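The structures considered in this document are given below.
Shared chain: chain A. Partners: chain B in the first complex, chain C in the second.
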Partner chain A sequence: MSLSGLLKTMRRLLLVTGFLWVLFFQAGVAQAAEDIALVAHPTVPVDNLSFVQARKILLGNHQYWSPDLRVTLLIRAPVARERDLLLKKFYEMSEPQFRQHWISKIFRAETTSGPKVVFSSDMALELLVLIPGSITFVRADQVPKGLKVIQIDGRLPGDPGYSLQ
Partner chain B sequence: MTEGIIKIFALTGFFLFGVFFVPEALWADTSNPPTNEMLLERIEQLERRSEQQTRQQIISEMRTKYPSLNILGFGNISFSTTDEAGKTSSFRMGQFVLHFSSALSPRVSYFGEISITARRDAGEGDPKASGFDVEIERNIIRFDQGDHLKISAGRFHTPINWWNSTFHHGVWLQTTIDRPSMLGTLVPIHFLGVVLEGALGESSLNLAYNVGMGNGRGKVLGRAGDAGDVNNNKAWFVNVLSKPDRFFGLDIGASVYGDQITTTSGAVFDEMIFSAHLIWSKENPEVISEYANIRHEAKSGGATFDHQSAYLQIAYRLPWLEARFKPYARYEHNKLDPAEPPLSPTSLFKRRAIAGLRFDVSSYAALKIEYRKEKKDSGSDNNSGLAQVSFTF
Partner chain C sequence: MKIQRRLGLSFLLILILYGVNLGLYAWGNQKRSVSVEVLQKALSRQVLFSSIKQKLSNIQKEVTLLSQVMAALAAEGLGVNEIKHFRAQTALITSEIDKLGRLSEAEMSREIKSFEEIYLGLSQSWQIFYENFGINHAKAIAELAVRADPVSTHLMVDLLPRLYEEEQMRVETAVLNYYQVEAWAKQMTRVIFLLTILITLTIAFFTSRYISLGLSKLKEGAARIGSGTLHHRIDIQSQDELGDLATSFNEMGQNLLSTQEALNEAHETLENRHQEAEKQRQNAESLLLNILPQEIAQELKTKDRVAPKYFEDVSILFTDFVGFTASTEKLAVDELVLALHDYFTAFDQISERYGLEKLKTIGDSYMCVAGLPQRKPSHPVDAILAAFEMIDAVKKRQVSENPAQWSVRIGIHTGAVIAGVVGIQKFSFDIWGDSVNYAKRMESRGISDRINISDRTYARVKDFFACTHRRQLSENKEKTFEMYLVDDILPGLKDAQTLGPSLAFSERYQLYFQRPFSSHWQKPIKNTEMPFES
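On to the complex of A and B.
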């Protein structure tokens, strides 16, 4: 192979590599944006939760961050992707089972009400700012700067192995 | 000159009058009527403002207020037919139950439960007409110190039986039509007193406890001592529960309950109940099993009577047809000492097997059909067919 042929091949290889890199990088960025972030009111005294701890909070079994700070769950109304993902990954329940779970909780006098239902990410974030101890789940690219995003098992949205992909 | 000054004052007066008193509409520039774009923009502005106001109103309503009363109800209607002598096939209105739950502050909450039950003898006259009994089933005020300590006072479902704590008075919540027979006479259902509960440490076993003290059974053993205890010995219980992280859905626990019971005839017995449960709470499959040993020891003479009761219930939510169907089966076994004076347990059956199907008509209503076969100590077998519509509202 002549030198010019070698250079041509090298150039093609570089172009293909660059194209692939851009493709995968973009895919990674898009994935990170679509991951669901666990967002918390600034008063929530944790930065990282294990998957199991997050599940206990979502099930309503763990109701206090500290003696003076109650957990308030803000969960999207049915059909939202955020809710579907929570039900599938954390609750391992169908929609009717999820409803029955909270009716049972109230029935057993373990809580006075279920999670607060929010109808959009904007509403979730607006309410989150107002209620100390509250947490919600929104798409990572919709989280405004300055809000507290909690790690799950030490991972943030976009990290490989993140639970809420 | 004077005229000039008067004119200036007059003009100024007219100007000021115009500015302050002439309606704004008359000032409007009608020479340039608003364009469609301007109107559309104005409509958009108004819509945005309205949406913003609605959202703020919703958000303001969603912030927890104290007290925040929530009401939840349960009801059911059943039909049963049996070959048992002396019984007729009939429709029955099940309990009409209302729950009131309210947060009184971030750490104080209230829970109330009222039932209205149809009874053949709840009315007036001689013989008594049928009617309805109204009862306060639960009446609980709770203070939360945190997840590790919650202190409650009031009337509870005695938490030494899993079914009693989880489903009692909530027929729609349970898979089957009726509760297991161990509840009621054998294991006390209600308890009036003080209860401490909470999580035990932070381990993967998720241990929790309940400790309580209060009035035990009344002279009629199926009833709690609501209007005062029948003796000076308070009833007490301790239970330990676990929901291990590793097996999400598993719930295991054990309880001890002690009391001194005084019967209508004045006889006094020490009562000690040991019970345990093992539950797989998911619906594919659902497994519920409980065991209880009830021991009564006479204070005079020292005679001891032991009764055992156990049941195993298995159900499976079928994945087809929107997962609306759930077949189930339960087997109950009561081993009772017929010589026992306080309980006179001969009315209870020895064995009972049930098989049924639950169909969830909607998210909040279910239709159940069930077949039962019971065997009594006398050796007689009874077969029954039941149907029930249960709901929450």
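On to the complex of A and C.
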């Protein structure tokens, strides 16, 4: 084979590899963009939560990060995908069950504040910045740079086996 | 201390105790009122705490539910009514906190003030939440999450429960204090009441005992003084009324004793004088009786005078010693008087035994009368019996040792006489009448140691005595005296042993004169058996 042929072959290989890389990379990027990220205020003192820990926090069983720092849940209003995914994956409840859970908790005085409903990801992110100790769930591609994304079981959105896909 | 003062002080002490009791009761009531007031305030605060807590909890729940559950339903914000209702609730809570502050004490008030300030901040946050809810939702949630939730949690979880707990402790303390005050006041009231009763009883016991003992001593002392034990003294040394009374009693006793001693002395003096007077009176009476019959003397004493009395039937007895004139030449005067005294004393005794009344002696002549002043029909017999004994008495003295050996003539006549007292200084009871002269004649015409009686006398005694008739002419030969010499008692009436009246004599005497015969007869004694008493 001639050098030019070799170069052509290598060029083709590169093209195929690049195509394949682009193909696979773009698919991975698209998958990562559809994952729901657990975003936290910078004051939140953890970077990684187990699924169980995260579930306890979401159920209101853990209400404080530290003695001076409350957990504030910012949850999207019904119909939003983030909410549906949250109810399905963590709460394992339907919408009425979720509502009843918090009403009961409030009336049993097991908590003084429940999750705060937000109507959009922007609102969630806006409040997240404002409220120390707050966490919210937004699509991973909507997370602005600089915000703290907490790992679940050591995985970030886009990672294989991530809980909120 | 005077009893009045003691009683007054005791009464004052009891009053003070009652006053203390009353004061304690009032103090207890006041403390109870304060306790009740504190308790009421505490309870009111507790109610307010509960109410505030409940309202805060309600709002918090409402806010929490709104923020998480109802948010989707209120996308266009809350209505005017909801906001108005929220404001009314917060205003009500503010009002109740204000009221709580007013009901609280200074220390608590500061905490309430702090609580109010925190609540006001919370209220503003909630208001921002309500006003922005559904409109500027992010602001509402941010306000809620950043400010309201931590504050409300602090209020509901920390501050309010702590205040409520403190208030609960205050209520418990107030209740405990109330019961303590109640119990203490009751206990003290009981103690003072019992103390009052005890002191009252003690005072009553000792006072009554003291007065009773004192009065008993006074009563006993008065009784003893009253019964005559005037030297008795009441032993009460106290300086009170009882002591004064005892002193008065003792002084009275001393005065009575002095008076009694003086009275005794006066009585003794009077008694001596009385005895002396009595002695003098008896002497006088004796003297009077010597010269007057008892009845006459009595009449003279009572009436100062004696009315002349007529006695139609008496026996007059005269004696006259034979040999007296011769003796006057032989004997000294005092011997003579002594001898006369001896004879007449014997005659007096005999006259007295037989109830004859001696009238007088004239020289050696002795005159007595039977049958007066008490009238008795036996007087002639009595006179003769007495005459027999007079002769015996004279005979007894006819012994050699006697320098005045006389015999005696006795004459008796029975008849009427007038009797009376003459004179005002030297009384003299005497009788007057022919019978007296006749009796004198019977004596002068008699025989030595014999009894010469008149025929009238004889007529009265002939059933008792044996007599020998005699007859004599008067000096002028114009009148004849029929006389009898009494020989002896009739043989049938004479006792063989005593030679005096026998039982038959006595029976006859009683039959004739209707009166018992009391024999005064004394057995004649031979001259040798009777020593002469000069």
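Convention: the second predicted complex is superposed on the first by the 143 of 165 C-alpha atoms of A that agree within 3 Å, B and C clash if a C-alpha of one lies under 4 Å from a C-alpha of the other, contacts with A are read in each partner's own complex, and residues count from 1 in each chain.
As a working rule, contacts are C-beta pairs under 8 Å (C-beta built on N, C-alpha and C of every residue); 3 or more make two chains touch, one makes a residue touch a chain.
Note that the structure is a prediction, hence the values are computed from the model and not measured.
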Chain B and chain C placed together on chain A: clash or fit? clash
Counting residues of chain A touched by each of chain B and chain C, the higher count belongs to B
(request) Considering only touches as defined above, state whether A:97 meets chain B (first), chain C (second), both or neither. (result) first
Task: Report for A:78: first if it touches chain B alone, second if chain C alone, otherwise both or neither.
output: second
Note to self: One more residue to check, A:106. First (chain B), second (chain C), both or neither?
What the structure shows: both
| message | For A:115, using the defined touch cut-off, is the partner it touches chain B, chain C, both, or neither? Pick first, second, both or neither. | response | second
**Asked** Thinking of the overlay built on chain A, is A:134 touched by chain B (first), by chain C (second), by both, or by neither?
**Response** second
Candidates 148-156, 310-318, 346-354 or 526-534 checked on chain C; the stretch that hits chain B is 148-156
Shared chain A footprint, chain B vs chain C, residue numbers 70, 72, 99, 103, 106-107, 109, 111-113, 116, 123, 126-127, 130-131
Seen from chain B, its contact residues with chain A in the complex are 55, 58-59, 62-64, 68, 70, 72, 99, 101-103, 106-107, 109-111, 138, 140, 142, 144-147, 152, 165-166, 170, 173, 199, 204, 206, 243, 245, 248-249, 282-283, 323, 360, 363-364, 392
Touching chain A in the complex, chain C uses residues 57, 60-61, 64-65, 67-69, 71-72, 75, 137-138, 141-142, 144-146, 149-150, 152-153, 156-157
Residue set of chain A touching chain C in the complex reads 70, 72, 74-75, 77-78, 99, 102-103, 106-107, 109, 111-119, 123, 126-127, 130-132, 134
Chain B partner, complex, touching residues on chain A are 52, 55-56, 61-64, 66-68, 70, 72, 92, 94-97, 99-100, 103-104, 106-109, 111-113, 116, 122-123, 126-127, 130-131
